[in-house]
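What follows is chain A paired twice: with chain B in the first complex and chain C in the second.
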Partner chain A sequence: MTRGTLIYIGQRIGLIVVTLLVVSFGVFAAVHSIPGNAFISEHLHGQDLKDVLHQFGLDRPIPVQYWDYLRNVVHGDFGQSFVIQGQDITPLVLRELSVSMELGGSALIITVGMGMLFGVLAAIRQNTWVDYTLTTFAVIGYSVPSFVIATLGILVFGLWLQDLTGGTVYYKIAWDGTYGTIGELWLPAVALGLYTSGQVTRITRAAMLDVIQQDYIRTARAKGLPSRVVTLRHALRNALVPVTSILGPLVVTIIAGSVIIENIFGIPGLGKEFVRSITAHDYNITVAVFTLYAALIGVANLAVDLVYTAIDPRIRY
Partner chain B sequence: MRLSKAKLTGVLMSALGIFAVACGGGGGGGGGGALAAKQILHFPVFQDPKTWDPGKLDAEVDSELVQNVFDNLWRYDNSLNIVPDIASKVPSSSNGGISADGLTYTVSLRHDVKFSNGDALTSKDVLYSWNRAVALRGPYRSNLSAIDGYTDVVTEGKKFCAKGADPTVCATSVQTALAANDPKFAMKGLTAPDDYSVQIKLATACGWCLAAWSLQASTGSIVDHNAVASDPLNWWSKPAGDSAGAAASGQVGTGAYKMTEYVPKQSIKFKRVANWWGSPKPTLTEVDLDIKDASTMPTAIAAWEQGTYDLDGYGGNSTQPVADILRIKGNSRESKELLLKPKGRTTWVSFNIGYPSTGGPFVGESAAAKGLRKAFTLAVDKSALASTVCHNLLCAPATGGLITKGLIGYLGDGSDPLGKFDAPTAKSLLTQYDPDGSKTKNLKYSYNAGGLNDPVATFLQGQWKDNLGISVQLDPHPDASAFIADRLLGKYTMSRDGWQFDYNHPQDWYDNLWGSLAAGSNTSGYADPTGDPTVQPTYDSTLMSADGKPISEALSLYKQLAISQQNDVAYLPLYYSVGQFLIHSYLKGAGSTAQADFYWDGISILKH
Partner chain C sequence: MATAITAPPLPQQEYAGGTVAREQVSLWVDAWRRLRRNKLALIAVFYLGLLVVMAIVALFWTPYNPNKLGVCDTYATPSGAHPFGCDESGRDSLSRLMVGTQVSLIVGLGTAFMVLVVGVTVGLVAGFFRGAVDSVISLIINIFYGIPTLLVALVLYTLLGPGLLNIMIAISATVWMDMARLVRGQTLSLREREFVEAARASGARSGKIIFGHIFPNALGPIIVQATFVIPIAILTSAFLSFLGLGVPPPQADWGGMASEGVAAIRFVTHIVMFPSIALSITLLAFNFFGDGLRDAFDPRQKR
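Let's turn to the complex of A and B:
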């Protein structure tokens, strides 16, 4: 790694830190300004409610509360939940983050694996039934919203298949334990990754079609190199550059999509927490989740930028 | 290239084989009565515990779970009768448990009661638990408010718990004071003549106290002081330890089950307490709960249909998505496993009666204000509401007063004149009291959005338009907590209101909802002289008189209050809620009262 690359990484990390500060303060101020709170009920109101808010320091000015919050976060402490009284947030959101990464990673494998495979196949079998089928599949993938695919998937594989096979083969809907098994994971991962894999298929196909018409590919074939070698070693490597360029936005899409998918499948990840903490006024968790998402997106984009240099030696920082 | 039908079928089946993962079969019909080898109950809940500390607990989902962990001196059986729990009998005047003046209760405890860690329960545990609940100043502390010395302990508790800006300081300070037997933290009316007797002296006569003290998983529940001492703030969130005495820790209670695992936002496990002191001995060895988000209720129902869950609806989750319940009702096999059970919850519309600063046409007790309230009330067809919005499944028309059918204080089917639908009279009242429409223009109906509230609001809007010719603007509030806060302060002219009873006594309704005792939570301001000194000055005196009498004598007074509310048109009754429970037929003993789920110790799983 060159000195220039290290400086670039340092600058990007600095930018990520600034982004996190801005995001966390913005979210902190916003959620604390929403009317209502986590404590009020028909049995806890009036002066009693004010006492509880005072106990939790929620009656202080927002900048004061944020400063206290920030000091704790620097020490790795995101505070405690207001809804589950006494629950530390840091271990909770880290566990949920790992669950979301399992799901997101699986979706990313589907996105990249299936998308590139289909894209390459469609390109090298251009204008055949293979091309038409895979292109149609890609169009369907990025045209149908993930929540529709998820709901249909539950209906088809969870209920209809169970009826059809007399209860011997079906997708088990409830997610047991912290992490999903392959049997539990595949449907949410497909629902989450199908949209982005459709995009990857299209871009890979277009990039491959462009590359395989280049002179150096013709030269490689003329030299008698096997078709597989020409495709994988020469064509695909150069076609990867445009594909890699959209990986950053695709990761963001997958993260955003996980909010819906985790809620539909009841997956105990960060996406589910994202919604639940907002509706429950669990301020500390909301800010922690937003901040982690911002960090995740920043790091993912940085990683993609670094991958460029490995794929294309012409790119230097 | 074309694929043959056979190949296509093969490809499809292969794809299904790859994707679908085989699992066990779903639920089926009930067995012949023999028990299944595996006695593990599995169901979803849709909320994490807010707190399981009985001194501070106030959420239905929490109480319905830990009612199986903590016991009271008495408890409600499946018919809502008060029966002995830790106490050996239910005190009454006839058995000498209640003194002739009604001010002293003498309670004998069972001698064989043990906590799950083996600690023996004595009267000191009762004193500790009740004094602690008052000092912590939790939402239900007023259940103990009639005991002599209650106010003094609340005041002492406030010194620690309202100024610390730290809940740990509050819990630890209270624990330290109680452990040191600080007399300032002991209600003087609560004493222990010996290890198995408790004497309760009241400051004022109280006809509802026994009902309130029996409320499960609340301030009347008994906790182990050793376990609380191990972590005064968060002891309840940790699995129950097996060590007794000073080494006790975690969520230790005297119930048939103990919590053995809690993964926040994910799952909870309870296990049967070995050699539990009570009887009959529980059959279920384990109860496994998945914590899901409320948005995944339809998915949870699908999982129940698959057989993954044994039941759905426990843990305060008996209001299910309408579309799914209708689908299940229409399925001949599954409809047999749908239990519809009236819950002790009534929904009505509150008018602003006692908050002149909020204003509106319904304020006060003038003939015009009452007449307009009545016009809006009679213009609504409650039966049509139950059939169109609730499909006659999710609710029933509220025609017998605000106290729900099946509870003490219910007035009888069709007895409430405000429950009637009379569009001509409604229109004539409107013409009489608002001939030019100036008083009733720009009216708003406010409610918290979600669930049945949206279709109910649309229905009401339609009824007022059709039967009165008035366009009422709908004012939905997406955030329930903000709506409730404003509603309790009387900030709305017309708003959705409701109550789910805590314990089976009319006092639970009349003290908490109207009159000066409900100041701060009196939505309509009805009979609250602090808001409007001209309204119903006799309400408070009648209520206080009723509250001090045994229920047999008090019922007629509570009925007087109900009738005066009807005469004053204090509310617009809408519906009684009906809970929906999905219970596979192989479960024996599962069900619900109007108040809570049946206890787990009565459930068993049959072969299926």
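Let's turn to the complex of A and C:
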């Protein structure tokens, strides 16, 4: 690792910090400006409501509240839930993050694995029925909304084939703290990953077609290397570069998709929590989840760019 | 001085050496010729045309009142009188599906228009003026790329309150960056070209150069990008509706209908089926159309 690389990493981390500050303040200001609040009810109104708001400091100007919030965050305290009495947010969010990471990670593996396999197959069988089938499948993949795929899956595997699967595609409503097993997780992960796999297929196919025409591939073939070796070791390695470049946006798309998928399957992850918190005015959770996702995306993008230099030595920072 | 001044002979109408030169065609004619060869894109255009007709018909006529409760039995399966069945409130699903077309098309086209205006303006400004302006705009674009899109739309829509226009604003806020980045890149490369230099040398002002010279030359990729915004916007609005944050009831829209159908999936499947199919085929059509358009406008680009 050269000095230039270190400076580059430093700059990127700086950008991530700036992003997190801007984003968290934006969300903070936005959710606090949504009309209504978490405490309003039949039993609590008038002066009593004002007292409760004052107790939580919610009657102060938004920048002041944000500054207070930020000070607590620096000490690792994301505040308390307004809706669930006495629930600290930090452990709640961390637990839900582990669930979402498990789902999102599985989806990422499915999406990259399937996408690259299909992309390579389509490229080496260019303009045959294999190619046409796989590219059409890719377009269908990113045209059919994930909730449609999820619903179809629930219908087929959860209801019609209930005897075979035992209907395990639903999570229990009250999550008891264990991670989802592969039996429970595969359908949500496929429903989540199918959308992005179409994009990976297209990028891989285009990149492979580009690489296959180049001279060194012809040289490798002329030397008598088996086509499997040429495809996997010579062509695919260079086709990886453009595929890597969309990994960052892929993470963003998977996070967005997981909000839908978690709500359909009742998976107790960050996405489900986010939707609940925003409709319940549970501000602290909304801000925490949002900022956490922004941090995750920032780190993922940085990691992708560093991997980039590793697989393509021409790129230097 | 009686010699009359004769006009110089008119240039000959036809090129004397025969018609060697390629016939001059505009960008549009050229693109249309290539698009016509793409069967998949043509089918998509045909389907989308039907969809527009359906949306317009639904303005004046639907088989039943789409919002009237109890026009048939709740959860009634498809029959002759109600070909697409009925939902959990006894509303006719076909009527609601037809009205839902309007929502999808308005959200798709409206968002694409907003993204077009914002993205093109921002991109042109950043690319043309470069320097500090570009740095600030690029930083903003980068920040927007670093946040999960659907969450932004959710927060923004909750903040703005229910309504069709607010849905479009919320979605535009999450997808404008691609357009801005594309236009910025195009502008950066076009502003160095000779014809821009010539325009500048002949005294054209910045505004004239930007909108008279750079923008028209970037039009092809801009249109393609705008076309791809439409399915994304329709999809995102369906997601919002699915999470219960869509157009306010009783207005029918496909995402909301699918969401109602999922709740009833243990009893009947037709409620979730029809809006899901409609949504999928429409998104597929827009994507095929966008692909065809991209190939038509930029034949050099590899697929």
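One rule holds for everything that comes next: the second predicted complex is superposed on the first by the 301 of 317 C-alpha atoms of A that agree within 3 Å, B and C clash if a C-alpha of one lies under 4 Å from a C-alpha of the other, contacts with A are read in each partner's own complex, and residues count from 1 in each chain.
As a working rule, a residue touches a chain if its C-beta (ideal position, glycine included) is under 8 Å from a C-beta of that chain, and two chains touch if they have at least 3 such contacts.
Everything numeric here is computed off the predicted structure, so don't read it as measured data.
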Check whether A:Val148 is in contact with chain B, with chain C, with both or with neither, and answer first, second, both or neither. second
Just to be sure I read the superposition right, which of the two partners does A:Ile34 touch: chain B = first, chain C = second, or both, or neither? both
Which partner does A:Gly266 contact after superposing on A: first (chain B), second (chain C), both, neither? first
Which of chain B and chain C A:Ile140 touches, first, second, both or neither: second
Which holds for A:Leu159: it touches chain B only (first), chain C only (second), both, or neither? both
Go through the superposed model and pick first if A:Gln85 touches only chain B, second if only chain C, both, or neither. first
By the touch definition at the top of the document, which applies to A:Val275: first (chain B), second (chain C), both, or neither? both
Which holds for A:Ile297: it touches chain B only (first), chain C only (second), both, or neither? second
Indicate the residue numbers of chain A shared between its chain B interface and its chain C interface, in ascending order. 34-35, 154, 159, 263-264, 275
Over in the complex, which chain C residues touch chain A? Could you list them? 139, 142-143, 145-151, 154-156, 158-159, 161, 231, 235, 238-239, 242-245, 258-259, 261-262, 265-266, 269, 272, 276, 279-280, 283-284, 286-288, 291, 302-303
Listed in rising order, chain A residues that touch chain B in their complex are 34-38, 40-49, 51, 54-57, 81, 83-87, 92, 96, 129, 154, 157-159, 161-162, 167-174, 176-178, 181-184, 186-187, 190, 263-266, 268, 272-273, 275-276, 281
Considering only the defined contacts, which chain A positions touch chain C in the complex? 15-16, 18-19, 22-23, 27, 30-31, 33-35, 139-140, 142-145, 147-148, 151-152, 154-155, 159, 202, 206, 209-210, 249, 252-253, 255-257, 259-260, 263-264, 274-275, 278-279, 286, 289-290, 293-294, 297-298, 301
Touching residues on chain B, where the partner in the complex is chain A: 1, 16-17, 19-23, 25-26, 44, 48-51, 56, 58-59, 137, 139-140, 158, 161-167, 170, 233-234, 237, 263-267, 290-293, 295-296, 299-300, 302-303, 305-309, 479-485, 488, 499, 512, 520-521
